[in-house]
Every structure is written in structure tokens, then in C-alpha cells.
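Two complexes come next, and they have one chain in common, subunit A, joined by subunit B in the first and subunit C in the second.
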Partner chain A sequence: MMVLIILTAAGILAMFASVFNGRSVVLPVSLSGLFAAGYFALLEWNTNTTYFEAMRMDNFAIAFTVVCLFAAFVFLLLYHYMHYSSDVHYAEVISIILFSLAGVVVMVSFTSMLMLFLGIEILSLSLYILAGLKKKDLLSNEASLKYLLMGAFATGFLLFGIAMLYGATGSFMLSDIAYYLGLHKAVAEPFIVTGIIMLMIGLLFKVAAAPFHFWTPDVYQGAPTLVTGYMATVGKVAAFAALVRVFQLGFSPALETYQFLFAAVAVTTMFIGNITALYQKSVKRMLAYSSISHAGYMLIALMAANEVTNGAVLFYSIAYTLASLLAFAVVAILQQKSGSDEVSVFNGLSKSSPLMSITFAVAMLSLAGIPPTAGFFAKFYVFSAAISDGWVWITVLAIINSFISVYYYFAPVIASYMKKGNEEGIVLATPVKVLLAIIALLTLLIGLLPGSLSYLI
Partner chain B sequence: MTAVAWLIPLLPLLGFIINGLGFPKLNKKVAAIIGCGSVLASFAIVCSLFLQSLQTPLNHRIDLYTWIAAGNYTVSFALLIDNLSVIMMMIVTGVGFLIHVYSIGYMKEDEGFGKFFAYLNLFIFFMLLLVMGASFVIMFIGWEGVGLCSYLLIGFWWKNREYSAAANKAFIMNRIGDLGFILAIFMMFAVFGSSDFDKVFPAASAFTTNDSIIIAITLLLFVGAIGKSAQLPLFTWLPDAMAGPTPVSALIHAATMVTAGVYMVARSNILYSIAPVTLAVITVLGTITALFAALIALTQNDIKKVLAYSTVSQLGFMFVALGTSSFDAGIFHVMTHAFFKALLFLGAGSVIHAMSGEQNIRHMGGLKKALPITSFTFLIGTLAISGIPPFAGFFSKDAILTASYFNSTIIFLLLILTSVLTAAYMFRLYFMVFWGDFRGTHHQEEHLHESPQSITIPLIVLALFAAIGGFFGLPEIFGNHNWIHHYLSPVFSQNTRIMAHADSVMIEWLLVAFSLVVIVPVMWLAYQRYALKTVKVTLSEEQLPFWYKLSLHKFYVDELYDYGIVKPLSALAGLFSVAVEKKMIDGTVNGLGSITLFLSSQLRKIQTGNTGFYVFAMVAGMVLMLLFALAKLNVF
Partner chain C sequence: MIPQIFQTVPIEHFVYLSAVLFVIGVVGVLTRSNAIIIFMSVELMLNAVNLLLVSFSSYHQDPAGQIFVFFIMAVAAAEVAVGLAIITMIYRNTHSVDINDMSRLKG
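On to the complex of A and B.
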């Protein structure tokens, strides 16, 4: 609860600070808000504190909260150093980020479906605004509007599903629903099945799984690149945590009614994401498709639904978040410099900025799942979760997809090392350099010592 | 002190990182201080562990973290501190430190100075990991790591094509052995569910003697040892490895890395005790290698090649010790060998240094005047390796000979013969280099000089140990307390095969008498032939007797491998490259690639940008999902 209060208060403070000409205090306030929130979240480790029978800060919730706080921290620093002097809405953006984190906390800790809905909406509304941040840019406007429109549609599905489940079981509480499902063996009731599927679609939309992913490339491309990075990390990880939570806590007795659907969606998502990514010239759009395909891999862990699922999803989220943050940060910096996000802006990057080219290479290796990066073990745990449940065919398909992905992940890396380009040095602010280096090192470190993380929750 | 034992491998690793990143900006002095200092610090910690182990035997497992967890299998990154690993750590860091110091002087002029120290530190790190690992997997990391460093350092002067070829040869031959090792690890996971020493060994004790699974595992492990420790048939890489700078030959290819195979077999002694068949294989192979390499060493003219073949031969002795289940004698010989062979190599380096890079002993001679310290310490090394009492080699070789005597008379006699040959080729080397007249060029003669202190001090320290190192394992008849036997007994005590040390007084005295009666005349012969008579500078092939040519050409093993294995394999590879690779594999891969790209070009068309279509897709998806789910429930 403290976490929510702190994040909201920091958001409000940041917003008011700009009104009273206190632009310079915005970053310190918001960063200390993030750290305080992280601290109070970690205080509740192993306590399982329940709030109003609607939220429970269990280890799962805390771990995902911290991952998202970290991503937001990276976003804030990058945003500060790239836009502090140029953006009129500097303070507003930061406060919206803090508000969106409040939504994230609710999304990863809910025990009632109403809270799930609230959390998703708090986060989504913030993201709709952020996507349209560049008011005079047509693509940004399009992104915002499309996201809102499609998001509204998805919310409809979600609410419809919640309503049907409420109708069938008489409760919003996940524990009540699980009890009902277990007691009545009611998995065969069309009401329940329809409710579960509707709710599933609402959430699959948020994690950008096929065929509910169509908004993703357009929105990711149109939104300002840093915001895209935020959406692709925090937005996706929080939605995934919500998906795991609602199905594990609420619907697991009805596993066989939805397991094969997850399998089908996972396979479709992986193939659509990876294959479409091959033909993209824009790195940003390529990353959008890549993020779609990663939703597919993560769905495999969810589908396996065994005791390692949570650990595998958390590990995957961390690896994916770190790598995506790096990738989007580099693309954002290059885009700000050159005004383009085509692969060709990477030409000669190894000369003009060795740090950016090496960190970007680490990010791509991790996303492609190549050891010794975190991405390798992320895929490893997901696949082993699937195999231990006998899902060999889906693992084979996932591995084929990993092969395909190597092609497009390496295109910018090859460009930065093999092709000649502008060799004029790119100057980066020291904190940005440190940040890039730290994230890249973390990616390698987790890849070298994966053991402890996978058993965290 | 065990609490900080993790620092022991970490410090050289840090040295590697600093020197590696700092190269070439870091100046040579700083690089040398970091390189030597990190190993010295590790050595200090090891020393305190050693002192502790003298009071009470250590047996301490340190679990640093869970490295890999997959289902029921977990690999913990764990270190094992027991008396065996401590004694190996003493050798690695102690001798390693001396060789680091030596390298300051030896590599002074080299532009890759910082890189050299970075590689040396990395080597020490991996070697420590190898001897400290508490499971075969961790040992394997070190095993592969030292192989890598060996490759990097053999090819240190990579601009010379022959040197990089030698590096490749070492790497590839080791790879053959490593395959055996890793298969053994897989088998252990399959059979015991773990590769941790404290799980595998107790579990193995339940198997009956000569159980086929244990025989398979031990043989596969031994294949790994054959590669790393240069035994027949995988020994030809070691003489070629002399392409590396001399400190590398001393550290990696004499004192430490090549003895990793011996350590590994000694560490797994419980497994081997269940498989007497494997032990017999080891004994026979070790004996043949020892004899074979000694025969080749007799006629070689390159100072480092003689020492390289002698290393192969001495490693053969160590394996005989293991094969006859006297593991402590094997480790004892590892230790004394580390002293005297490192000494000999470093002495050779000092000679090469003085001779402006010349390695052919037929061009040397009479160097004892110009190089008094080198000459004297080299003599001690030669006495030690030849097994003259009371120098170090006598006691360790004596222990092995005694063990082999109780095992098989033929093995014993062959080893005795090898010992005689050892004295012969070593004294031939010594007299040819340091006695007689100088046979080099005038230019070389003018430049003859004793090496600087950073080279001579390590020589003197090592000479001291080569002289007295044998007293660590004094046989019972001399002092009634064989220290190393008792020190290592906790590690080998569970081994049921080790015989109650039936020290036969007669055998011991016989050996002492033998070394005086046979080896001293051999020395005399060598003196007559190579110190008093003029040595020919060049040999004319036609006049040589058949056996001499055979030995000079190393029994044509390299040629045999070339014609028997390398050429047919590369012909086969050529065939595959054209028929299979280009046509089948490339065709398939490129074909698959184009299909995928085509799919991609089609799939991207459905991303129309039209929101109406997006909503339609969502609804279509929903309908499909509902249909499938409800159909499964037989609602319709």
C-alpha cells in the first residue's frame, strides 16, 4: 500500500513542481519516489500482506513491481538526459510515468478481478497519452488514437469476461472462482468457458499476442521511441504478470479448457512476430515485431502451467526487459541524432560510439537467446518448463523461431561493425553511458549466473 | 582461512581483467606488478591454507552459488579445499609466481608484454579452478580454460605461421581428449545424477568391481587425461607447443597444465579403484609412453624439444604410479617434476636468451663460463630428473619404481630402462650445452651473458626445491615418516585398492645402489662423449645408423598421423565440402531462408494500418477460440 501511496504522491509532486517553476526538482523527486517505492515493496518480501481483500503483496507481485520500477528508472534517466531542455511537457511526462506505475503495482498484486481491471486501465490510459506525446507529429497522433480505439475494444472483451465469470460464480475474487471451479468441476459450463476466453483475449491484447497484436507495430512505430521502449517493457511485463496471476490464482482448475488455446496463440504469435520482423527496414518496427514474438515465447511458459512457470516468466521478463531497454535506448539516441530509425543509421556505429554498438550487440544477442547472455537462460527455462510437461512439439517450433529471429537481430549489429558510415564520434552524457554499460553488464552477469534468479518466486 | 578461499582464483582473474583491458596502454612496470602481485597474493592465501592443513586435514566444500539449475539437475559453483587440492594449489601458485617473475626479465623487450601477463594470469585462474573445483563440471571449465590459454600462449608470436600451426595442433589434439572427458561427465549425470565429487564417489562405491559402466566412465576420463597430459597416442602436440615463449613451456607445458590429467585421475581414485581394468590400461600406456618419449629425447637437437619429450616421458611415470594405485607417489612426482622441470625449462630459456634466440644445442657448448648460475642450477635440475640421490627426482621416481615392482616385473624393468635413458639424454643435453667448446657464431659468442636477476632468482629458488623437494616424500627406510603419503592419506584413504604400504627395505636399497651403479656410469659416458670429444655441428643423414634416424625423426609418428589421419580426413572434408556442404546443406538452408523471406513479404501485407481490419481480426480470433473451446466440451 505504501508503494502505491508513494508513487502517486511523487507523481503529484512532480506535476505541481513544474507549475511552480521547479523543473529542476522533478527528477530528484521522481527518482527518490522510485527508490522509496522499491524499498517499501522489498520490505514486504515473504510477508504476503493482503490489502482490503483486493490486493496481496506476495513475492510474485514484489518481484514484478521491482522489475517495472527498474525499467521506469532507466526510462526516467534517459528521458531526462535526452529531453530535459527540449520538451515542454517534461514534468507531465514524468508524472504520468509515475501514475502508470501505480497501475502496474495494482496489476501485479490484485486478488480481485475488479482490481485487475482498474490496474490495467490506469496503466493503459497513461500509455495512450504517452503514445501521443509528440502533438504535432501525425504518426504519434495516429498511434495514440489507434491505441485508444483498439484498447477500448479490448477492455470491452475484458469486462465482458469478468461479468460472465461473476455471473457464473457470484464473485470477483480469484480465490472464490478457483474454489468454485474446483468444487463443481464446472469447467464444462459454456458460461465459464466463454468468460475465461473473453478475459484471456482482453489480456492477450495487452501483451500483443496474435491475432490481437495488430495495434502493436503501428503504435510502437508512431510513439516517441523512448515511450515505445517503456510500453514494450513495463506495459508488456505488467500485462504478462497479470495474465499469469489471473490464470494461476483463478482458473488453474480449468486448465484443460484453455491450455491448448494458449498453445495455439503462442505458436501463431511466434511465427507472425518473427517472420514479419524479417522484412522490416525500420529498427523500431523490427523491435515491435520482436516484442510480439517474445510474447509468444512467454506464453509457452504460461501454457506449461507447472511449478517452474512463475520463475520462468519472471526470468524471461527480466532478461527481456533489460535487453529491450538497451535496444530502445540506443535506437532513441540514434534517432534523435539522425532523425531516422532505419537499419542504415547503425552503419559504422562501432567507430562513432563503441559503447553503444557493443551494448546494442549484447541486447540483440540476449533477445536472440545466445549464451552467455540472460536471454539464453530465459529461453532455456521457458523451454524446460514446456518439456517437463511433455510439450515437445511446441518447444521445437519455438526453437525454429529462435533461429529465424537471429537473422533480423543481427542486421543492425552487422551494420554497426561491418559497414562504413559516419565516423564522427557521438557524445553521450556520462550517466547515460554508465546506464548503458550497467544494463549490458547485468545482461551478461545474469547469463553467467542464472541459478539464483530462477528460484526467486 | 577457508572463508576467503574463493579469493585464490579470483585474484589472478582480476589481474587478467586489469592487464587485459589495460593493454597496450598500461606501462610494463605496472603490468608486471599486477601480474605477479595477484599470483603472489593468491600464493599467500594458499600458504596459510597449507599451514592449516598441516594441523588438521582439510576437507571443506565451498558452495559459491547455484550455477545452473535445470529440473532435477543442479550444478553448483563449488570449490573443494582438501589436502590434495591444497598441494596442487601450492604448486600452481608457487611455481606460477616464480615463472611470472622470470617472465618480467624474459619478455622485457616484447611489445606484447601486458598481453602476455594477462594470459598468464588467466591461465593461473583456470588452473586453480581446475584443481579447486568440487565437481567434474567445474573441473571441466578449468580444463577447457587452460587449454584455451595454452593455445593463446603457444601462438603468442602468432605472426610466425609455424607457431600458429603449433597452437592449432595443440588445441585440436586436446579437443579429442576433451571429448572423452565431457562424455564421461554426461555419463556421470546419467548414472549418478550429478557430477559432484561428494555425490559421485560414494554412489560409485556401490558398484561391483569391473562394472562395465565404471570402466566406461574411467576410460573416457582417461582419454581426457591422455590428451591433456600428452600420452600416447596424443602426445605429438607437446613438442610442437615449444613454439610458445619459454616461461609458457615451463609453466603450462611442464609444471602445471600437463599434469592436470594426473590430478584428475588421482582425484577420481575411488572410481578407478573399482575399475582395475582401466588401471591396467593406464599402467601399460604410461610405461610405453615413458620409454617411447625417452628414446626420442636421446637424439633431439633442440634444447626445448629434448625437455618436451622428457616431460612426456615423466608424465608416463606419473601415470604408471596412478595405474599401480599409488596415487600419492603420482602426486609426489607431479610436485618434484614441477620443481625440476620448471627449473630446466627456465634454465633453457636463460640459455636461449643468452644465445640470442638460438635453440639448437649443436650450436652451443662451453656455456658454463658465461652462464655460471644458469649452468649450476641446470646441473641440479639434471641430477634431480636423472634420479640421483638425494635430489628430488630420486625419491619420487623411487616411489613409482617400488610400486611398479609389486605390480609387474616387466613394467618395473622397462621403467628402469627408461630411467637409464633419462639420465643419458639429460646428461647429453647438459654436457653439450655447458661443456666442451663453443660452436655457435662469432656474433653469438660476443653476446653471451648471464641473465638478469629476475631470471636467475627464480632459477636459484627452484634449484633449491629441486635439490631438497624429495624429502617431502622420504621413504620409510630413511626417516620412518613419509610425509606426503600421510598428508594425502585422507584423500586416498577410502580407496580400498591401495596396498598397505609394504615398503620393502631391500627394494629401496637396491634402487639407491642401482642409481649409483648404473646411472653414474651413464653420466660418465655422456661426459666422455659430449664434453671431451668435439660435437659435430651438423649431422649428415646418410651416415646415421637406422635406430638413430628413427629416434631423430620421432619414430615418424607425425608423418604417420599426417598420412594416416590428417590427409584422408582432409580429402574426405574436401569431398563433403563440395558434395554435401555446397549442394545439400547450403541449398537447403538458402532455400528455407528464401521461403521464410517470401512468407515475410506476404505476411507484412496483412498489417494494413486499417483499424477496421484489426478489429475484424480480433473478432475472428475470438470466434475461432470460442468454437474450439466449446467444441471440445461437446456443447454443440
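On to the complex of A and C.
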């Protein structure tokens, strides 16, 4: 609860600071808010504190909260160093980020459908605004409107599902729903079937899994690049944590029945994401399709549904978040310099900025799942979870997909090392350099010492 | 607390009515091209859910469903505020709210 209070208070303070000409205090206020929130979240480790029978800060919730807080920390620093002097809405953007984190905390810790809905909406409403940040830019406008309409449409499905489940079970509590579903043949009741399928549609929209992914490329491409990075990491990880939580706490008796649907969604998501990514000229759009395919890999872990699922999903989320943050940060910096997001902006990057080219290469290796990066062990844990549950065919398909993905992940890396381009050096602020180096090192470190991270929750 | 009189109408009727309203909303979203009308259709979907929740709430004699409706109303209002702001922003730039005009993003 302290986490929510701190994040909202920091958001309000940051917003008011800009009104009273305190632009310079916005970053200190928001960063200390993030650290305090992280500290109070970690204080509740192993306590399983329940708030109003609606939220429970268990280790799963805390771990995902901290991952998202870290992603927001990186976003805030990058945003500060890239836009402090150029963006008049600097303080508002930062406060919206802090408000969206309040939504994330609710989304990963809910035990009641009401909180699931509120969390998703708090996060989504913030992201709709962030996508349309560049008010004069038609692409940004379009991304914002598409995201809003599709997001609200998905919310409708989510709510209809919740209402049907309420009709059948008489409760919004996940534990009550799980108890009811465990009763004899309750899983096959028409209200339950419609409820679970509608709710699944709503949540799969939010994680951008096929066939509900069509908004993703447009939104990710049109939104300002840093915001895209935020959506692709925090938005996706939080939505995926919510999906896992709903199915583990609420629908565990029904999981067996719906496994096949998940398998179909996971396979189509991986293939559509990876194959369409091959044809993209824009790096942002390529990363959007790659993020779709990563939703497919993560769905495999959920489908396996055994004791290692949570750990595998958490590990995958961490690896994916680090690599995506790095990739989007580099693309954002290059785009600010050159105004383009095509693969050709990477030409000669190894000469003009060796640090950026090496960190970007690490990010791509991790996303492709090549050792010794974190992405390799992320895929390893997900696939071993699937195999231990007997899903061999789907693991084979996933590995084929990993091979396909190597092709498009390496295109910008090859461009930055092999092709000649503008060799004029790119000057980065020292904190940005340090940040990029730290994330890249973390990616390598987790890949070299995966250790107990996957058994954390 | 919740009038018993509602329960004289079979629950299926309420479910059918809200399902029909919901489907009208879905069809509206998928077929119309004016952003404002799409937005209205989304609101119709949400209101269909509200109706469903209220009727289930009265059948279960449980106020939780009606409380949920208040939250949906509040969130829908917030969504409208953000949505209309975005639509206004687009109208200022393009003088149109037709989503068919918005196809600049392609891969």
C-alpha cells in the first residue's frame, strides 16, 4: 500500500513542481519516489500482506513491481537527458509515468477482478496519453488514437468476461472463482466458458498476442521512441504478469481445458511476430514485431503450468526488459540525431559510437537468445518448463522461431559493424553512457550467472 | 436491500439483452469509420456490461456487482476525457476524425 501511496504522491508532486517553476526538482522527486517505492515493496518480501482482500503483495507481485520500477527508472533518466530542455511537457510526462506505475503495482498484486480492471485501466490510460505525446506529429496522433480505440475495445471484452464469471460464481475474488471452478464439471458451464474466453481475449489484446496483435506495430512505430520502449517493457511485462496471475490464482482448475487455446495462440504469435519482422525496414517496427513474438514465448511458460512457470516467466521478463530497454534507448538516441528509424541509421555506428554499437549488439544477442546473454537462459527456462510438462512439439516450433529471429536481429548489428556510414562521433551525456553500459553488463552477468534468479518466486 | 421483484424476470432475458447490446457495440466499432461513433460504440459495450453486472448483482443478492458498476462508470468517464482530448488533438491537425484517413503507419 505504501508503494501505491508513494508513487502517486511523487507523481502529484512532480506535476505541481512544474506549475511553480520547479522544473529542476522534478527528476530528484520522481527518482526518490521510485527508490522509496522499490524499498517499501522489498520490505514486504515473504510477508504476503493482504490489503482489503483486494491486493496481496506476495513475492510474485513484488518481483514484477521491482522489474517495472527499474524499467521506469531507466526511462526517466533517458527522458531527462534527451528532452529536459526541448520538451515543454517534461514534468507532465514524468508524472504520468509515475501514475502509470501505480497501475502496474495494482495489476501485478490483485486478488480481485475489480483491481485487475482498475490496474489495467490506470496503466492503459497513461499509455494512451504518452503515445500521443508529440501533439503536432501526425504519426504520434494516429498511434495514440489507434491505441485508445483498440485498448478501450479490449477493455469491453475483459469486462464482459468478468461480468459473466461474476454471474456464474457470485464473486469477484480470484480465490472464490477458483473454488467454484474446482467443483464438479463447473468448467464446462456456458457462463464460465464465455467468461474465461472473453477475459482471455481482453488480456491477450493487452499483451499483444496474435490474433489480437494488429494494433501493436502501428502504435509502437508511431509513438515517440522512448515511450515505445516504456510500452514494450513495462506495459507488456505488467500485462503478462496479470495474465499469469489470473490463470494461476483464479482459473487453475480450468487451465487444463484451455491449454490447447494457449498453445494455438502461442504458436501463431511466434510465427506471425517473427516472420513479419523479417520484412520490416523500420527498426522500431521490427522491434514491435519482435515484442509480439516474445509474448508468444512467454505464453509457452504459462501453458506449461507447473511449479517452475513463475520463475521462468519472471526470468524471461527480466531478460526481455533489459534487452528491450537497451535496444529502444539506442534507437531513440539515433532517431533524435538523424530523424529516421530505418536500419540504415545504424551504418557505421561502430565508428561513430562504439559504446552504442556494442550495447545494441548485446541487446540483439539477448533478444535472439544466444549465449552468454540473459536471453539464452530465459528461453532455456521457458522451454524446459514446457518440456517437463510434455509440450515437446511446441518447444521445437519455438526453437525454429528463435532461429528465424536471428536473421532480423542481426541486420542492424551487421549494418553497424560492416557498412560504412556517417563516422562523425555521437556525443552522449555521461550518465546515459553509464546507464547503457550497466544494462548491457547486467544482461551479460545474468546470462553468465543465471543462478537462483529463476527460483526467486 | 436489493428488490426481489427483479428476480421475477428470468436471468436469461437480462443476459440476452446485454449480449445484444454488447454485440451492437462490437459491430459499431468494427464497421464505423468516424472516431467519435467508434467511441460511442465502446461506451455502449461498457454499458451492456454494466447492465449485466447489475442484474447478476440483484440475482445473487450481492452488492459487489453494483459497486463494480460505479468503478466502470468512473473509469469510462476518465477514458472519455482522454479519448476526446486525443480526438480533438487530431482534429486540430487534420480537420478530420475519420479513421480511414489515418493510414500513414504501414509496414
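Throughout what follows, the second predicted complex is superposed on the first by the 455 of 457 C-alpha atoms of A that agree within 3 Å, B and C clash if a C-alpha of one lies under 4 Å from a C-alpha of the other, contacts with A are read in each partner's own complex, and residues count from 1 in each chain.
Keep in mind that, in the parts below, contacts are C-beta pairs under 8 Å (C-beta built on N, C-alpha and C of every residue); 3 or more make two chains touch, one makes a residue touch a chain.
None of the values given here were measured: they were computed from a predicted structure.
Contacts of A:431 after superposition on the shared chain: neither subunit B nor subunit C is touched. Once chain A of one complex is fitted onto chain A of the other, the partner contacts of A:354 are absent, as it touches neither subunit B nor subunit C.
Judged by the touch definition given at the top, the superposed model places A:390 against neither subunit B nor subunit C. By the touch criterion stated above, A:218 is placed in contact with subunit B and with subunit C alike. In the superposition on chain A, A:279 makes contact with both subunit B and subunit C. Shared-chain residue A:132: touches subunit C; no touch with subunit B. Judged by the touch definition given at the top, the superposed model places A:149 against both subunit B and subunit C. Of the two partner chains, neither subunit B nor subunit C is touched by A:28.
In the superposition on chain A, no contact is made by A:182 with either subunit B or subunit C. Subunit A uses residues 146, 149, 153, 217-218, 276, 279-280 to touch subunit B in one structure and subunit C in the other. Residues 113-114, 117-118, 121, 125, 128-129, 132, 135-136, 138-139, 141-146, 148-149, 152-153, 155-156, 159-160, 162-164, 166-167, 170-172, 217-218, 221-222, 276, 279-280, 282, 285 of subunit A are the ones that touch subunit C when the two sit in their complex. Against subunit A, in their complex, subunit C makes its touches with residues 11, 15, 18, 22, 25-26, 29, 35, 38-39, 42, 45-46, 48-49, 52-53, 56-57, 59-60, 62, 64-65, 67-68, 71-72, 75, 78-79, 82-83, 86-87, 89-90, 93-94, 99, 102, 104-105, 107. Contacts from subunit A toward subunit B in the complex involve residues 146, 149-150, 153-154, 157, 187-188, 190, 193-194, 197-198, 200-201, 205, 210-212, 214-215, 217-218, 257-258, 260-261, 264, 272, 275-280, 380, 384, 388, 404, 407, 449-452, 454-455. Every residue of subunit B that touches subunit A in the complex is listed here, in rising order: 65-71, 74, 76-77, 593, 596-597, 599-601, 603-604, 607, 609, 611, 613-615, 617-618, 620-622, 625-626, 628-630, 632-633, 635.
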